[in-house]
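Each of the next two complexes has chain A plus one more chain, namely chain B in the first and chain C in the second.
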Partner chain A sequence: MEILIQQLVNSLSVASVTILIGMGITLIFGLAGIVNFAHGEFLMIGGIATWFFVGMGLNFFVALVLAMVVVGALGFVAERGLFRFTLDRPMNGFIMSIGLSVILQHVVVRVFDEFQKSTPDPLNTVWVVGDVHIIAMRAVVVAITAVVVAITYFGISRSRYGLALRASVADQSTAELMGIPVRRYVTGVFVYGSILAGLGGALMIGLFPITPFVGSVIITRGFVVSLMGGLGNVNGAVLAGLVLGLVDGFSAGYGYPEWTDAYSLVIMIVILVVRPQGLLGGTLGPKAS
Partner chain B sequence: MTMEFLNLKMPMVRGGSHAKAGTDPHSPDRRIEQIVFAVALIVLVAALPSLNIGYRFLSIAITTGYTAIALYGLGLQFGQAGIMSVGHAAMLGIGAYTAAMLSNHLGIGFWAALPASIVLAAIAGGLVGLPSLRVSGQHYIIITFCFCALLVICLTNGGSFTGAATGLDVGSIPRVLGINFDKLFNYYYLVLGALAITLATTYAIMNSSYGRTLRAIRENEQLARAIGINVDMHKIGVFMASGAFAGLAGILQVYYLRHISPTLYGAFPSLYLALMVMLGGGRLLYGPLIGAIIVNFLPEVMDLNPVDSRIAYGVALLIVILLLPGGVSSGLLAIYRWVGGLLVRRGSKAGS
Partner chain C sequence: MTLLTVEHLYTAYGAVKVNHNVSMTVGEGEIVTIIGPNGAGKSTILRAISGLLKPKQGAITFDGRNVTGLAADRMAGLGVVMAPEGRKIFADLTVRENLKLGAYARKDQSGVDADIELMESYFDILATKRDAKGGTLSGGQQQMLAIARGLMARPRILILDEPSLGLAPVMVKEVRSVVAAVRDKFNAAVLLVEQNASLALAVSERGYLLQHGQIVASGPIEELRESSLMRELYFGEQSAQAGE
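Up next, the complex of A and B:
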């Protein structure tokens, strides 16, 4: 039983990172209409930036905020410099993002190296509840993710900005006529999603070591989560992230760990074929071209 | 001249149906031009080894050759039918692993395994293509990526059957008519022959009614369906053709490298294949070849290390997509036409 609860907490912390990446993708894909294959690399850069700042002697949580700023700025540059020009041809944007992911990976390898990097456990405490040992950092990761999910959910579904955003997805030209600066919203969503990736990367390196090539693994998870939950659907991403994180965690503990990634891939193919709008319904993403 | 330049370039940028004007087989002088160009290319490439170019250059040429064969499959499905894949290395992997497994478990050599590789890869291509009948655009690209990642997981977990993470070894190709394919020189001609067949097949497909139908589907799938084209069958057909080319490339690759492992067919090689097709341009006959040549020879010519050269590919891809969506081949064709137009005008002035 204790092992089960510990397993649950561990899985939840892994699920948190998956939720953050999935939420970023679901927002950028579903609401801004951009498929950013380099999103995993954004996460990786968030982690590497955290590692770099911690190495400079900064506190982990200061480094985390700085990493979010760095990745947010990167997202801004990528959107304004690249994706802005392919909004009407999303397929080109997709392929461009593949190029971007190759560039980012190898720039990191070039600037640092290709070996895995880790930070010392930022909290270095273990809470003991009954017989259950909970690593404090893991609990903090879950808590931070919960707060971010709540902010994002209310931002999208309750605030007037979220309303304007959803309006511009539903009907771009009408939204423009209503005075909504659609382009600016696209940039805003892209930067917000990138910041989430930066946060995810920072939290990830707080949990386990990462390499410059972690992005391509994590991007698949991110797509599974966002497509499973329905694009643009924050609730869906959270639910799917939880399910996937738990399946991953438990299969690593009890099942066949070497097949862990295969489950999520099969789930994704089946969902895309059977219900492209996701299990909970979403925007279906941008029109295919 | 300016108008011709615009006519040529604009539809490519917009992806219009006139993009194929450059290879219109119905104009006789274009056809002569094409034949002259093809013959010149074949002579040049066939003469390469006798120029004493060295072992390293020759091995890069072989890599370029089989990569280009795989790219022609991807070029057909992307350039003609408009369906991109970022999992094409998986098809290559099916071909390569078929050959390696036949050789390891049943002792079947290159020549008997060749048709098996091609057929199995074609079937795999058709299967991976099935979801495209329901799912389109970016969603389908993500599916291809999943299939590729799945294959790598299966190969890695396949135990001794697939050689797991360390992979499999193969022997050498048996002699035919006394030709020893262990010599790089002879292997080069083998790959070259396969490439020539690939090019000819691609040309035939592009200029057949089948190719025109594919382009009709690319431009407007609903309209194509409405006028009675069996869209589903045509799509699966192009996926199978694409898989067949990849299978051929795969078996050539495995007998060249003599050793394969799952990482050769994972996400990264797939992304590079997609990158090469985009770089060269999928719609014109020589596009994939140009893409393969650029990517394989660039590090050698510019003396870049692997990390720098990958950054360079990425940057080149961004530039091509932003400025030249038809790929380098369409840019070269535009320049060629422009120069040709200048010469013709100069000539007619001198003549009058």
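Up next, the complex of A and C:
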């Protein structure tokens, strides 16, 4: 039983990073129609930036905020400088993003090196509840993710901006006729998704070491989660992230650990065959007119 | 007072040229129509004015200000608002959310709330169906919502693209009285594009007749109605439709 609860907390913390990356992908595709394959590198840069700032002597959580700012700025430059020009041709944007992901990896390797990086444990606390040992940092990761999920969910479903975003997804031209500055909102969503990737990277390096190549692994998981949940559907990304995180955690604890990645991909394939629109239904991306 | 001026407008979709040298005006509180056969380029003029399509050449002036090429969201903010062809109601959003979105460019929240009530009292179907999804409304109800949504921006000119398209005859009559009300109750000028020439002629004060992307006749509606070209074109279109 203790092991079960510990596995659950561990799984949830891993699921948190997956949810953050999947939510970013799902928002950016669903609302802006951009498939950004470099999103995993955005996460990696978030992690490396955190490591860098911690190395400069900053507190981990200060470094985390700075990393979010760095990746948000990177997202702004990428959207305004690159993806803006491929909005009419999403396939071009997709291929471009693959190139961007390789370039970003190489830049990081060039500026730093290719070796694994880690930060000292940000919180050196273990909570003991009965026989259950909970590593405080893992609980913090779960809590931060829960807050971010709640903010995103209510922002989209309740706020004036969320309403305008949903209208923009449904019909861009008509949204513009209503006075909604759709283009600016596309940039805003891209930057927001990028900030989530930055946060995901920072939390990840708070849990375990990462390399400059972690992005290519994580991007697959991000797309698995966003497709499984239904592209553009935040709730779907959260649900799929939880499913995946739990499957991972428990297969590592109880099943064949070396099959961990295969389990999640098999689940994705089954879901996409049986329910092509994803678990909770998604969009096909924004419509141009 | 002239509110909107279009001078020597040329439009195109890629290499396909649509409008040639179109010049027209709409005065404050005036109801003006553009009529012409299918494919004459009526809607394209409206898209250029409302900011959805950048003109190739020409100038558009609104309230003394050059607004040529300004994006649609900016135009809506200035008070040039279009209810697009096919109504384009946000099907997954509620009636009330659709109305709210119509006022997106406005900053006066209390005025917006008051206007929602005003629309609901004027178009009672919008009160009855307040929380229904836009997509569940009938065509005629959607058209009323589209016009009300446009009015929520407190436009100085409301552009209506084919408001009677696909509506039952009884609803067409309703559209007719609503167009008059847009001016009389909500103080907006109206620029109307209609296939249904009898509707357009009945509600408008002035008109432009468009053929092959160019204006071929214009003037007060009584003169336009009597023009031989109008009769020929309108009659031609009728027989073409009968032949379908």
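By definition in this document, the second predicted complex is superposed on the first by the 277 of 289 C-alpha atoms of A that agree within 3 Å, B and C clash if a C-alpha of one lies under 4 Å from a C-alpha of the other, contacts with A are read in each partner's own complex, and residues count from 1 in each chain.
We adopt the following convention: a contact is a pair of C-beta atoms (placed from the backbone, for glycine too) under 8 Å apart; a residue touches a chain by one contact, two chains touch by 3 or more.
Keep in mind that what you see is a predicted model, and the values were worked out from it rather than measured.
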**Study point:** Side-by-side fit of chain B and chain C on chain A, or clash
**Key:** fit
Check your understanding: Regarding the shared-chain residue A:Asp171, is it in contact with chain B (first), chain C (second), both, or neither?
Key -> second
Check your understanding: After superposition on the shared chain, which partner residues are touched by A:Leu100: those of chain B (first), chain C (second), both, or neither?
Key -> first
Practice item. Scan A:Gln277 for contacts with chain B and chain C and give back first, second, both or neither. Key: neither
Point to revise | Contacts of A:Gly179 with chain B and chain C, given as first, second, both or neither | key: second
Practice item. Once the structures are superposed on A, label A:Ser118 by its partner contacts, choosing first (chain B), second (chain C), both or neither. Key: neither
Exercise for review: Please name the chain, chain B or chain C, that touches the greater number of residues in chain A.
Suggested key: B
Check your understanding: Does the superposition put A:Val109 against chain B (first), chain C (second), both, or neither?
Key -> first
Review point. In the superposed arrangement, does A:Met268 touch chain B (first), chain C (second), both or neither?
Key: first
Check your understanding: What is the contact status of A:Leu163 with respect to chain B (first) and chain C (second): first, second, both, or neither?
Key -> second
Revision key, fill the gap. Least Cα-Cα separation in the three-chain superposition, chain B to chain C, whole Å, stands at 11
Study note, to complete from the structure: On chain A, the footprints of chain B and chain C overlap at residues none
**Study point:** Touching residues on chain B, where the partner in the complex is chain A
**Key:** 15, 84, 86, 131, 134-143, 145-147, 149-150, 153-154, 156-157, 267-268, 271, 274-275, 278, 307-308, 310-311, 313-315, 317-318, 321-322, 325
Point to revise | chain C-facing residues of chain A, complex | key: 160, 163-164, 166-167, 170-171, 173-183
Exercise for review: Flag every residue of chain C that touches chain A in the complex, lowest number first.
Suggested key: 50-52, 71-73, 76-77, 81-82, 84, 88, 90-93, 97, 100-102, 104-106, 149, 153
Point to revise | List of chain A residues in touch with chain B within their complex | key: 29, 35, 82, 85-86, 89-92, 94-96, 98-103, 105-107, 109-110, 216, 220, 223, 227, 258-259, 261-262, 265-266, 268-269, 272-273, 276, 285-289
